[in-house]
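Quick heads-up: structures coming right below.
One chain, chain A, links the two complexes that follow: it is found with chain B in the first and with chain C in the second.
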Partner chain A sequence: MSQPAPSPFVAALLDAPLPASGIGWLDAARRENLEAFAAAGLPDTRVETWKYTALRALAQRRFAAGDAQADARDVDLSAFALPGTDGPELVFVNGAFRADLSRLRDLPAGLSLQPLSLSLRQDAEPLRFALAGRYREAGDAFARLNAALAADGVVLRVAAGARIAQPVRLLFIGAPAEADLAWHARNVVELGEGAELALVEQHASSGEQGHLGTLVGDIVLREGAKLRHAVLQDAAEGGTLVRRNSLHLAARAQAAVHVLELGGALVRHELQAELGGDGSRLDMRGVFALRGRQHVDTQLAIRHQALGTASDSVWRGVADQRARGVFRGAIVVAAGADGSDASLANKNLLLSGQAEIDTKPELEIYADEVKAAHGATVGQLDERSLFYLRSRGIPQVQARSMLTSAFCRSVFDDLPDETLREHLFAMLSRRLPA
Partner chain B sequence: MLKIENLHARVEGKEILKGLSLTVNPGEVHAIMGPNGAGKSTLGNVLAGRDGYEVTAGSVSFDGVDLLALEPEERAAAGVFLAFQYPVEIPGVNNTYFLRAALNTQRKQRGEPELDSMQFLRLVREKLKVMRISDELLHRAVNEGFSGGEKKRNEIFQMAVLEPKLAILDETDSGLDIDALKQVAQGVNAQRSPQRAFLMITHYQRLLDYIEPDFVHVLADGRIVESGDKTLALKLEEQGYAWVAEHGEPAGAKA
Partner chain C sequence: MTSERSDNSVIALRDNAEVAEALGRRYEAGFVTDIETTSLPPGLSEDIVRQLSALKGEPEWMTEWRLKAYRHWLTMPAPDWAKLRLDPIDYQAISYYAAPKAGPKSLDEVDPKLLETYEKLGVPLHERAKLAGVAVDAVFDSVSVGTTFRKELAEAGVIFCSMSEAIREHGDLVRQYLGSVVPAGDNYFAALNSAVFSDGSFVFVPSGVRCPMELSTYFRINAINTGQFERTLIVCEDDAYVSYLEGCTAPMRDENQLHAAVVELVALERAQIKYSTVQNWYPGDENGVGGIYNFVTKRGDCRGDDSKISWTQVETGSAITWKYPSCVLRGDRSVGEFHSVALTHHRQQADTGTKMIHIGKGTKSKIVSKGISAGRSSNSYRGLVKVEKGADGARNYTQCDSLLIGKRCGAHTFPYMEVKNPSAIVEHEATTSKISDDQMFYCRSRGIGEEDAVSMIVDGFCKQVFRELPMEFAVEAKKLLEVSLEGAVG
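Here is the complex of A and B:
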């Protein structure tokens, strides 16, 4: 009876009309997810997965529903260029697909790539499995919101056996607008049997703003498929960005994920992986480098479900000034996933007395003959190393930055694409205290 | 060049240097010997400017400036070099990159032009020959995976590249095989010049067979308690430090 009044955040989003697709199952799913979002609102810190990320301040903010001017926003793409990638790309500005900025012509054989809005108009049925879901967990508020309101996103399919040579880039740009607004993107990616793809997901900003972006991605790898997924997150300083990528790996599929988190005021990144087929393998490498009052929360959830699966995750975090980092790495080796190998290492560096990083590795094993290792540390720059560098004439600030950069860079050493690796290093260096 | 007067220093509240005085002139080689825990490395660290070493009394002047007022990097640029007793491994920082950054920041602070990578490479090649270090080591991270002896040789190699005015070598001879010892000695002798001075901390007379010191000092309980020429080292070798203790007045304690 005594339902509390919805927070300004919820109320503002409920004001907006749902996107209408005219597809019965989709409109129903959108409505029901919105109702669930409205009823539960944002999670509080009593929800285990939101323990270190309080949303009280966000709950008081109002975001306009999307950007009616998104098509007209002036955006200079050269600012976000990735050296070496001039392959297919899909560009979104404030959540709206921009055909004029995208590169979708002459797609290589075996690759199909288009905006979700178009896929829904042409043939929605194959998307039903991905888009008809209801989110039921207490921590699912943003997934619900995304399911209800995302009118666009990416549909990417690689045909069985196709090896796509050029990396595909998905670029999400936040552009300054008259008011802070909310945008939502829904991605569906599928690699057929034995298919291979390199995918770059990039979040950038063309000017200061405080938008809210949500992204939900389903990435399915059929038997023996191979995916390299790089995520470069350099959102606006005032931005709020909540992403969830769910990976499903069939037998002998392999995914290598590299994540660099630099931007945003409030960022949540959930990476869920299900090693569902025998012998599937997942390698994840990630770095977050934070400063100011940034709050960045990374949540890895890895489930080993099949025989002889392997996951290896290495994450590094750096927090300067008053920044706050949160890392949770939860691994479950389910019954039947015998002979699996799960390792997770998270090391963090605090560059200031006011910075904070909370890390929590969790490991649950229900299978036999499992090799598992996990560990997490939070520390400071090594005083002896610092003195060694300074004693050779390197000024303190530069010495600190050399050590910090070394701490982060080692994580990307195994990235095979050298230009991408160098680009990540360059982005990182610009970000670290100089 | 270096004038230490009545130096008192504390580490973690404990007084380690207790009135140490020492004068070093350009071109001189001074050997400092003394029992474990006497304060030899502490002296090196205080001179190089390490945090946590609190000077409670006394003064150190280097070429007329108050050395203790300078940051470690400023001391390096002024020409002070410390070869560490235990060089630290720094994963992720490339040896060559580090050394070039070090040389160029020093040069910049001295108002000299920086070396580009070609010029730097030429310099490195030349110095490597003297030290017989394989250039494979240079492509690794600083000291990472180096053997004990390789670390020590790398210290001398860095000294050769940076060309300091005052080099403090803290037990650079410890842990070296006989060939490496000769190479290190060669490296040091090649650097000897009328403008450059050395402070060599060692436990072994043997090093002094290869690098002939002008003075030998005994540092015990935070003070220089005995000074002499190279024959003092021989006497110590024969009689141990107990002899010094009985020998009477600390030489540098009259502050």
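Here is the complex of A and C:
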């Protein structure tokens, strides 16, 4: 893909200096990733994984590099309070770590949590594996960009055998600035053998802005580790957010991921999971509820690499007004991953004649001792259910709202944390058409 | 109906040395007919296209049409999105025209050797065909060698002839419809076909006529170093009905031969077209040497309200299959169906599926795809269901099941769903499994041999599709599957 001249988007980002770390391997990786990004630019819709998400408009925009005044931005944290999460937390405003807003004192035994910038200064070597990577796929533009430009993020480690009772919260807040800017965050999460952790990743906005945020997370679960990962995305209405979380599960590790996707103008969410150890298990639940001209693209890629691995994914989408929801759920069962059990279901409600849903569940199976199934539907509210409610005196509008809400809520029924669940429901209700 | 689910315990039959010995399928259609052919020298250029057109005595508009397609083809890149591994094809090494030298005037003059060939293949080309009640157009290498039952069909008003003849004798009809469903520049292989297609079948069923018998075409590639590029066009006017069958074979050769066909169906108001294919091109040997590259564009256009197009395919042959019979559901309440069994063994690769484009109101489509992979083969379903804004009340149901036989094969599913109408309902379901131990145990405990048991279970797995085939074809399809799966268990 040779482009005659870099788009304004690429040009603006290339103007900015690379974050300098003084660490040879890291600076080399940053430079190479930036070169790769500059050479390929943004993917067009001929790249299969970007088929339904056109970046033409984005390519014409310019974003300032980072926020120099991030420390001074006035942010009211109470607006993003999550009941039940009063434990350790790390807060970023426009991509910059805010020590004053974070809660890092008195961490429970076995938990180590600090901003990436600090980790790099103290001891960068353990991060080498996560940060020295190169991204080679055609669709990796934002991962390259992130690898090149992310100067901060989260480094979270849980010691082997430690069970962290309180959920850890990572809060990314977009705050209005003088211009639309681009921020990049890099998270490295590692759970030692048999460790347990509940992690809440929250994206929020303290006012109208059209920033671009990219986030790349590497999450490693050692043998027998258990992670509960909840993602609440309620970014600014005009915001662009591109996230990629890569999960690596060793033997008997278990991860449960719950995602609620509400905000943003253009949102891309990639969740890549590798079930690399025997008997590892992954459960994913997600909902996107869209309106206006939102475009939200969810890409799940699950790879079964080992014996007796299991994955179960359920995703539901609602698109109203002129919104467009895109879903891809790809399951690969590699040769030799016998005894794998993979299932994926994606159901969507299309509420308006201007909205669109594009869904693509995929199965790639190279082993025969497997159970693999997927399903996807696009439809509307069940007329009979509507009739049932209306015949009991519930007005049309309310009946529709009840059914839509029930359609989404059922996905989170198995969320063990009740307060979090209720909070998700409340956020969802505010969002759905009344 | 057999269960398609499997469980996880270890199957007892695998890696059984005796059965492994039985590996290697018989390809019964792999003989070569020694017959004199006229062919164009290998290579592709504007000159070749002109020569080809001249050889066939085509009118000027046809030559121009071909040249336009050829020029467009030159500008196109070869597609690489399918899940296929193939070496680049040398289009200059292929001869684009091969015809039996003794040009047939009528069926009685057809070279007896040719008739013998078709007899070996079980095509009831000659008068015996009457018993079978199937009218046959047979295409040998590049040209049509004879069409049976012309008189009977003519009485009903049905035109069934070779494409070359149609261009000469029904030029207006051909000109009106050719390329109207699959435009010359539609895709790489369709463009190539438009430039060099040599023959094929033409069917025209006028208003209100129900074609009195099943129509059938048998394709055979015989000559070495040739490609086959046939073009089929079927038009059903208002209220007309036709059922059309297509079968294909090729001799066993070490090099890959190219087959790039285009099939266009047009259904006007309330018309129905049923198109069935049993594809048994030479699949290559167990090491993946030789075999046909089958790159086919098939598309049906439900132009009229309440029309219906139904594709049924049984794909057992070809080294590589790249084929997506599609329906454009333009007319209100029109119906599209796709029933497919695709079997791959040894090193065969198949990337096949369908497209259902819902444009009209109340349109319906149904997709049933059964993939069976054995040996070291790769079998992908790739499908698109698209509901456009105006397609109120559109309905689609898709079911894709894959059956894996053996440890080294792959089965993949890539369904695309694009929905722009809130009153549409689109559903997709897919499962992948192997033949379950329970099923095998049940059969074995009743004294049924391993291979028979597998074939029974596979037959049950495919039943939903076989039901859609005309009877003679269903029997053939079942037999083909058995032969193709020989040595797969173990």
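Throughout what follows, the second predicted complex is superposed on the first by the 431 of 434 C-alpha atoms of A that agree within 3 Å, B and C clash if a C-alpha of one lies under 4 Å from a C-alpha of the other, contacts with A are read in each partner's own complex, and residues count from 1 in each chain.
The rule is short, and it goes like this: contacts are C-beta pairs under 8 Å (C-beta built on N, C-alpha and C of every residue); 3 or more make two chains touch, one makes a residue touch a chain.
Note that this is a predicted model, so its numbers are computed, not measured.
Contacts of A:Ser385 after superposition on the shared chain: chain B is touched, whereas chain C is not. Set side by side, chain B and chain C differ in how many residues of chain A they touch, and the one touching more is C.
After overlaying the two complexes on the shared chain, residue contacts for A:Ile365 are found with chain C alone; chain B is out of touch. Of the two partner chains, chain B is the only one touched by A:Met402; chain C is not. In the superposed model, A:Thr377 lies in contact with chain C only, and not with chain B. Judged by the touch definition given at the top, the superposed model places A:Gly393 against chain B, while chain C stays out of reach. In the superposed model, A:Asp283 lies in contact with neither chain B nor chain C. The interface of chain A with chain B does not overlap its interface with chain C at any residue. Across the interface of their complex, chain A is touched by residues 48-52, 71-73, 75-77, 81-82, 84, 87-88, 90-93, 98-99, 101-103, 105-106, 109, 141-142, 158, 162 of chain B.
Those residues of chain C that touch chain A in the shared complex are 5-8, 10-11, 81, 387, 389, 402, 404-434. Residue ranges of chain A in contact with chain C, taken from their complex: 48, 52, 308, 335, 338-339, 341, 348, 350-353, 355-380. Across the interface of their complex, chain B is touched by residues 382-385, 387-396, 398-399, 402-403, 405-407, 409-410 of chain A.
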